[in-house]
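These notes open a run of structures that come right after.
The two complexes that follow have subunit A in common; it is paired with subunit B in the first and with subunit C in the second.
Let's turn to the complex of A and B:
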């Protein structure tokens, strides 16, 4: 039982028994029980249901900053519901890819969300939440989305697919570097363990003054900036992409799903909110890892999670408001900055700063 | 020969290669540790089944069974010249016997037979292009053979024995370096890869499948044998060199693959990429062996062996698929294809799974071996070894870039070839391939899915090979406790669990949409800005797809592009303009062609000097060579 373990360890932390703390941090065994599974499922549904809200909040902020009245925050739920009611218009050149790709894209984000811890330390698939797996599952979604784009034989789709891979090729190394430097820094492989480890280290350091090596300011800071750049590029946000227009000069993500309609468009849109939530959640955990380890901490952890997400949404909206859309071939410069930052973080984490 | 028997000939040799391969698989289940020798008057052939050769025998035999099933039907377009099946039978046989040979002469003889039969198959079609490719292949592969023979001779001088039994732990760094260079020419590793993208595409598709899925792995067999069985376990830098060369080869291979428009050429470059990934694993494993990091050694070895299997399965199925595209549309140029998915429905599903597997998409097997490689690289970072830390960080960066670029390259391959509208009449007239051909592709594709979802069986089987090579095994369930040096249970990836999660989530989403959404569907035209565009050339082209990535990584390529148009006509009134782009290999441009020019120049100078008209000069040469012989006799031989 993990919850009792933590209590014991906190007592021992109080008496400043250093060796015992080490033992506790190192003990990352997974003993599943029905409570973890249930809260894992609840956590998953909470994130999935909240994700259009975050996207809508960013959208609202942007519109208000431009002086528009702005949409309802819950507009994206309404849109999704409306799209489900509409008929699907398939191109006559479409093949089986058009029928399966929306599901696979959506499901791969769902699987990633099943692995991510957001406010509870154990996620449902936490036992198999390897960081490289997460990065490659994101690539799987890109793969199918671009195949969908090329399926209808539209020139826009090909353009979108080409540009999407262009971005992915440039941002994938920094994404994997971010994840691997976290893994090396904490010597953990699962994403749930990584953030729990950082959380324990930080709480020991700040609450009890016990300095373990899992406390660093530099590495999370660098990783946060790096991941911020990557998530702006991966989530089709303004300096790199502008999803609100249908102008071919600005299209990245939108060109891929241009032919989608009805429920296909609905789950593509929902999928993009989920992807945004995946990135924001990882960022929120890097920013301030606070996850509940037992059932009593969950309300607090949930509030902290939503607060963190709101802060990040404001940050993203701020970046979108301030910056103009940039030229396509200036994007590599920005993404190489992100790569360099994650490389520095990797070097720091190898040396254990 | 009477041409009406050509079909029978094809069936005979196809079934023969299936049967003999099956026989060898059956033979390998016997626990025969004993060496058996065929004695003849002047040479003894000796063979032995050890764990490594057992693995390769099963690998070669089963893949060649699939390919033979495929080629029994596919081969009917080559009936006018039936030597194909004769050669390919002996090609397969020479490879199987190569891996069980237990002395150096047998090994070299069958290595040479393998090279010669594959050469004959490369030049099989007899076109100018295939003869050029064949010559290049012949030249390069014999340079490799020379180096391998040199290393064997050095081993012979050291141990004064021909048998492999005496070579254990005998090979020093020089021998290993010579052997690795020789073998990497066969594997198509980056500086020596020039023959591969020419030789693989010109051969018939079943031969390309054998060459790319099986033959290049013979080089891996040789390297594993040399490094882990014959090697004396010295020189950690050798492992680092292998790692770096492998990483560069993987990256450049996939970058060149992205630039191709010939399907088979793209696949050939992807072979270079995958060989690079395998080399990375070998490098990490050898380095860990020398530096005595046991768990990394086992893990990297598992990555190597698993990637050999995965690459063999998916690459051979993709080459077979490309052969079918060629057979039913008469072109391999993807700019002339498109929309094949409607005509070749089942083939496109098989091809899609092969493509997903080779570009390492998660629930499939390609991801599994790459994941192991990542884990062993992370493990070698965690060792805090002074040099390896830097090189493995670089390798992780290059590997991740390779992974993303592989996704791009294979999206291009599948998207341009199978999706969209047909670009030419040939593509429009495609039909579904024959059922036997589809079965030949379906078996390896099914195995790809099976290994990806349920790999525990094959991993426990590979543990025997890992034990033979390294003296240890990865733990019985490597997914639950991958222990790396000073790290705790490190990484977890449960393929079956992830597959179940995918299945459950997709069925849940499907059910949800079935209940809560309208099932109405309408078939309509693709939106083209309201224009009535009927021209299928207006789709995105393959060249356009990869151009933005190629522009960023332009330093890897040397490309020449030109636009031809009517000069005297004003800009908007030209009837046509022709755009040609040629992507050249930088190694070819900056190393091979200058070397060729230098060689020709030197030989011309030598020719002029040697064939002198003047008798005094000739006498002088005679005298000089006498002195040189004398010096050699006194100082070296005596």
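Let's turn to the complex of A and C:
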């Protein structure tokens, strides 16, 4: 049946120097560019492989600021490698959920990273990178992580799961509002198009002096702060949560994976680096959207991307160093600030500032 | 010891209940209850209640055959001591509200065997299940339990904490301790005073100097020797240095538990410097074996004195900065204030001591109440806070570090000349006993030592401040959420090992 719907044809386009894949689904025809395909895959692997480095860099920065010698910046790769070799110990109350949940969590982050145009405009899944899909793929991963926590039957798992949802439920409206105000503001639905629109508008305005309504300072500024707060909360960072603590009773995120061991733990940890990278990348795009549109711009775009990520890592580490962890029930206050900011940004984008 | 009046009363168990009310109203508080198997002397057990007040220790001695009247309902602090006596001596406190075994776990110990009786044959009962331990139950819709321990994350000792929760707020906390009862009191019987000092120094290593001071107060009182002035001064300097490094570490850990590693790491660096000072002064980072019966084993020369002087000046500066930092940081204050409040009434009823009592407004400081060594000449006043929360305990530690720095600074260059060890070859009178008090960084350490007819220890009872203070956490967490428990626990910083002798 499928073969009758889908017909893939390779075609060399006359004067242009690239090959297109033409995909026919039912009556629609999509043109895929081989160059986009290859660079999209490269982009995906680059950000997936770099993500433990960003997490390690933040950790190292924090430790250096406290006067400690600090970990090897590649330590998280070493840990992942070590954990993969270790056996998984599951509680005897565990069901099949425990066996599939780590992979679902990990794959959901991978799917989001496939959509993000970190430094190349045509990401692999750019065609279906709907902002609402991104927000709820994140929620899906949280859902399975908390199922895993409760599935093992430990008291901390239930406590952690309830706290994780407490945070997620509070930060979800902000996240949705951030994405929707970006969509309204640029009149685009896909995350690749949204940031390309902003990038084009900005370059027109700065390079050629053409006034574009895509050049707004207020909206990206508000969205950046709002997303920064959400990132801190979603990535279990101080002042919301403490990623370094060993105290089970104070944990949010860590309490969910307290029972995980071996390969499962490794996948969860890698998943948390990927999640951090997802948020940092979206923040970097709001901060300064610069994506390559052809192969010649790639080196520059990659350098700009890594520079932006370093700046954001320093920012996150800075917040973590100068703040203590706040009381659990103060968290809604902070997240409501984020919500209000995203709400203002949405109103502004409807008005078209 | 002459300055502290010790009044001894021998009364009947049934009369003691009426008396207990009077004692409570007079403002004295329970220092400890010591049971003793004196059947070989006067064919009875003896239970001694020690009540303390300003410059006075009241002792009520009650000869007992099998059971005695419990005073727990009048004096709740007696609850734990009476459960302990029930376990280790098999003497039943009549009318006790909660007679579950405390140290002898029914899961693997035959309750008819009472190890502190003199006729105990030193055999451990067959390892099998003898009964069950019933935990308190809280029931209702949506109420669940979180069990923490006895094995914890991190390198800490065993303790079982059972929280009953409705969401995040704690409805009840039940603590079960005594997982690794070492039987130090039994081991000490028949040992001489030197051997016992090595044992008791190690029950709670971070407070070992102050515990040894308390022990030696009792021993030297028994031997009837006066330590030389120089030795007294050196003991005070070492004891205060121990207090300083303990409090620096405590404050650092409070910062760690609110997830604020930056100031914590600075204080850890300071603690490390203080411990290296300990090592260069006494040869050991914890200052083990610095104190010996009738004197001290380390002498100070001028280079050591300058070393101490340098470091305490540094500590003073760092701690003043730390104080200003806490007071100016709204985020830190938000975590500390109103967390883990122990009411003054609770503190009074549980006869708390040390930081925990002073943070709740009770002026209890053994250095002031029962002045030992040379503490009398400083005219100390207990540093007090009224609020009873984590902030009060943190602020008190800061103030006490500054106080200790002042004490050490005043002594350093006024050390009297003389020998550091006095002669002590006196024989102890048979079955004479003495008590010792000292203020450790956690609170009052109380010793009761009775000698036998050969000059060895017949009965040694040590009451660690942790033993008195542990139950208070169960009240301190009420009204707080479970996520704040580690912080409350750390602000009291109690010893598991000292608690579980």
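In this text, the second predicted complex is superposed on the first by the 321 of 353 C-alpha atoms of A that agree within 3 Å, B and C clash if a C-alpha of one lies under 4 Å from a C-alpha of the other, contacts with A are read in each partner's own complex, and residues count from 1 in each chain.
In the analysis below, contacts are C-beta pairs under 8 Å (C-beta built on N, C-alpha and C of every residue); 3 or more make two chains touch, one makes a residue touch a chain.
Here the structure is a predicted model, which means the values were calculated and not measured.
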{"item": "Partner chain in contact with A:66 - subunit B first, subunit C second, else both or neither", "value": "second"}
{"item": "Partner chain(s) touched by A:238 [first = subunit B, second = subunit C, both, neither]", "value": "second"}
{"item": "Subunit B versus subunit C as contact partner of A:262, first or second or both or neither", "value": "first"}
{"item": "Residues of subunit A touched, compared between subunit B and subunit C (which is higher)", "value": "B"}
{"item": "Touched partner set for A:184, first subunit B, second subunit C, both or neither", "value": "first"}
{"item": "Partner chain(s) touched by A:159 [first = subunit B, second = subunit C, both, neither]", "value": "both"}
{"item": "Partner chain in contact with A:329 - subunit B first, subunit C second, else both or neither", "value": "both"}
{"item": "First (subunit B), second (subunit C), both or neither touched by A:321", "value": "second"}
{"item": "Doubly contacted residues of subunit A, that is, touched by subunit B and again by subunit C", "value": "155, 158-159, 162, 328-329"}
{"item": "Of subunit B, residues touching subunit A in the complex", "value": "338-339, 341-342, 345, 348-349, 352, 356, 359-362, 367, 370-371, 374-375, 378, 381-382, 384, 389, 393, 396-397, 400-401, 403-405, 407-408, 411, 414-416, 418-421, 482, 486-494, 497-498, 501-502, 505-506, 509-510, 513, 516-518, 520-528, 536, 538-541, 544-549, 551-552"}
{"item": "Sites on subunit C touched by subunit A in the complex", "value": "144-148, 153-154, 167-168, 255, 257-262, 265-266, 269, 329, 331-332, 334-335, 481-486"}
{"item": "Residue numbers on subunit A that touch subunit B, as the complex places them", "value": "26, 28-29, 84-93, 95-97, 103-104, 106-108, 110-111, 114, 125, 127-133, 135-137, 139-140, 142-143, 146-147, 150-155, 157-159, 161-163, 165-166, 168-170, 172-173, 175-177, 180, 183-184, 187-190, 258-259, 262-263, 266-267, 328-329, 332, 339, 343, 346-347, 350"}
{"item": "Touching residues (chain side subunit A, partner subunit C) in the complex", "value": "62, 65-68, 155-156, 158-159, 162, 238-239, 242, 244-250, 321-330"}
